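Input: structures, listed below.
Below, subunit A partners subunit B and then partners subunit C, in two separate complexes.
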Partner chain A sequence: MATVWRSQCTFTRILSGKTCRILNNAADLGSKLSPTSQSVTSRKYSNYAHSPLVKHIKEQYEFEVVKKPPEWTYVQRLLPFDTIPQVTPKESYPSGWIPPKDEAKNLPFFIERTRNHELPIYLDITFRGMRKVSAIRKIEGDIWLMNDEVKEYLKNKYCRYVETRVHELGGFIEVKGDFVNALRW
Partner chain B sequence: MTSLLINALRRIHLSLPTQTAVKCFSTSSYNSNTLDITKKDWKFPPQYTKPREVWIENLDSIEEKKLGLFELHPAVYATVPRIDIIHQNVIWQRKFRWVSWAHTKTRAEVRGGGRKPWPQKGLGRARHGSIRSPLWRGGGIAHGPRSGKSHFFMLPFHLRIHGLTSTLSAKLAQDDLHVVRDLNLPSDEPNYIIDLIEQRNWGPSVLIVDDTDIAPRNLTAALDALPHVNVMPVYGLNVYSMLKHDTLVLTQSAAERIEERILCHLHSNTRKQQAAFKLDQV
Partner chain C sequence: MGSRQITEKSLAMLRSLPRISLANLRDNPGAKKNTKRGRGQHGGDKHGAGNKGSGQRMNYMRLGYETGNNPFYLRMPHEPYYKGHHLRRQYPPLSLHALQSLIDKNCVDVTIPIDISTLVKSGFYNFFPDQKHFGVNLTDEGADIFAAKINIEVQWASEQVIAAVERNGGVITTAYYDPHSLFLLKDPKKFFQSGQAIPRRMIPPPDAIEYYTSAENRGYLADPEKISQERLKLSQKYGYTLPNLENEPQYTMLCERKDPRQIFYGLEPGWVVNLKDECILKPKDKELQDFYAS
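Right after this comes the complex of A and B.
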């Protein structure tokens, strides 16, 4: 019994909704549509643009192309960099970043900075934290001399032997253990 | 004598200061006034490795003339040649366009075989349900190749870049990379190109790379009959073709363009290029 009552209710609601919609349309039209024509022309417009209420919309706007106006500098400020910019030299950097030294280029080996001007020293954690390997990458020059110096330095600092692995062609040294902070001397 | 000295210098990759180079040439038969020595000012100057110097040669006479000296960035033309990365690039270039059309029929696709060949029990024979079972002669193939199998994959972006720099560096180190001023030839005879390659000891196959899409008419007409000498624009440069040809000949503008593009990729944020390849992205 209750279900029947509810369905009747919905039926009436749909009907009333329809009439409401037409009435609303008429309200949009203003005084152009007479109330008698409402019930006769109950047309459904599937597309908003096909409705007679919508005027022709101009999609192309007229504009003038100006080359290199003074305003272009303001646009350029908003454009993303195509390459990572060089660092502007300063007295000190609040982040603690240390700029590369010029005298390092005269040493027998050299570590190039990454494209983001950081030191290429990383920690690889594998086997769920069981194996930690610190890697120094982008080494140019005498990598075997650098290997000896790294071993000597870590041995003096930690008073124990450290195992390293040198990839000459790849230009990197891997040190077994977490020595990242020690290697960023 | 001079050429011997030059060859020795090139072989040991000795980077002479400019003054010495000029002096060395003022004594030679070449006119030092016409020798054009370019010192480049890069946006990303080389940090530790010195720039490589190459001769700018000519193509408008069979005899080799040195038109000038030219500097190449070591990050592009003098990296350590990683043959493992070159190999990965070659494998990638062979695989990504390979679609295997090998095809076999399964037991469902071979004609017939719907009927049970003999009763299950009572004959003393092995039990079989179809004469097209993979056990039978003339039966279907189990787990055979099915056609239209794509072997497409993308090599990571930086391995592609590293492959290019490795191959260019290997070519330069082996004296197989030559820089020419332009590609203008005096004639459109194929014999001219053959003599030129023979004279300069460039090996039979030569890959010529130019900055533009349009090569001079004399060059294209001469190369029409020579399948082993090819022209390519800069955007078509790839590891496979460089390895396939004995000698790589770059025009000066092409060498600069390759350097500029690779240096740009080496010093920019490549997050977009490193993202997973989508099939509709190009």
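Right after this comes the complex of A and C.
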């Protein structure tokens, strides 16, 4: 008989625990309740049975609302850029990045920078690494003159003929082989 | 027939022919590719795939497979150097050279402390907390050219990197973030828009505590006095004069550190940031304040 009574007690205990989880549902719980609210800070009990029942949980907490506080600068610096930042002129660029020069605008051909302020020179590897093609993109002006100069430069540097392909409308030159580093500097 | 005749004949033909217009233009031969693959008499056969085997079925053998032989990579006994590698913490690298180029291109502001959210914001670094990435490993490539005075917080740094940053009068800290905090740091705007309170940063797991409490690694849990001793030691080891931090004009910026429980600079755990109304909600309840301070 005692065991039955005990199991009934556990049953009610589990049930009451469950109902208590539902917020502010404390009214229909009966004797085991106390008016003090349950803390959100957790504490470890050695046994689940020793832990107190879940009681009234606070739904609303008091908050101080501060409009445009001094800490707002910390929030602003976390938000993403609207646009890619412009580069301000500096005395030196230790990373080896070279800023675009003003006198380049008067030359017969001109290569525009990418949106990330880099040179548009790329390497395309296809056919499982069998074909490597270096491409110079965003060329404006006399592309054929540039093609001659690129050919001459690479021929002098590597002492061999290099094959190029000029796309006048697309404004790019493709060089057969990996010459990205040679073309960049 | 000489070439001159050919030229003259072609020119004569051109004169008699109609002008180029949309009506008589056509694609270059081979410019259009038929998407259909003919069967039988309509160009059937092998379609350029050869006779039988890998060419037709595209079942290229997996790497190391030797068509039934005991493969080379299995002939030797197993030596598990990399056991559990898929469970270890990973730190995707960023070199000092890459960081310097970010600074040169104004993608990273050196007048404020740099942490992983700044690096992700620059758009040139990314990591995935759900793939066991626990932050940035600052590597020593370009340590010689590095010339920026910064206050940077990374998750992993070698001795050379620490020396390179401190040689220029900068400050470096290694700090641990649990994956949940890293999600917030990766995209703070998304988190602020969700309207949740900023959580607490968790303490490092047992095997990482040693790293983040040691002054040699400039751990965020190390004793500041020991760190200043180690700074001096490292300067003597690498042979540079350590600039005096107190005399710097950016002293306050260089001394700015996060609390071990803090995720964002200047924002405390428990605060709710409202981006729309530009206000911050700070909890006043004693209970909440205790929770976020614990």
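In this section, the second predicted complex is superposed on the first by the 107 of 185 C-alpha atoms of A that agree within 3 Å, B and C clash if a C-alpha of one lies under 4 Å from a C-alpha of the other, contacts with A are read in each partner's own complex, and residues count from 1 in each chain.
One rule holds for everything that comes next: a residue touches a chain if its C-beta (ideal position, glycine included) is under 8 Å from a C-beta of that chain, and two chains touch if they have at least 3 such contacts.
Keep in mind that this is a model prediction, so the values were computed, not measured.
Of the two partner chains placed around the shared chain by superposition, subunit C is the only one that A:97 touches, whereas subunit B remains out of contact.
In the superposition on chain A, A:141 contacts subunit B only, with no contact to subunit C.
When the two structures are aligned on the shared chain, A:69 is found in touch with subunit C, with no touch to subunit B. More subunit A residues lie in contact with C than with the other chain of the pair subunit B and subunit C. Touch criterion not met for A:129: it reaches neither subunit B nor subunit C. With both structures placed on the common chain, the touch criterion links A:88 to subunit C but leaves subunit B unconnected. After overlaying the two complexes on the shared chain, residue contacts for A:117 are found with subunit C alone; subunit B is out of touch. Looking at the shared chain after the overlay, A:78 reaches subunit C, while subunit B stays out of its contact range.
Overlap of the subunit B and subunit C interfaces on subunit A comprises residues 81, 84. Note for the complex: subunit A touches subunit B at residues 81-84, 105, 110, 112, 115, 140-141, 169-171. Against subunit A, the residues of subunit C that register as touching in their complex are 97, 100-101, 103-107, 109, 112, 117-118, 121, 123, 142, 145-148, 188-189, 192, 264-267, 272-273, 275, 277-285, 287-288, 290-291, 294. Of all residues in subunit A, only 39-41, 58, 61-69, 71-75, 77-81, 84-88, 90, 92-97, 116-117 touch subunit C in the complex they form. Put simply, subunit B touches subunit A in their complex at residues 43-44, 47-49, 80, 82, 264, 266-269.
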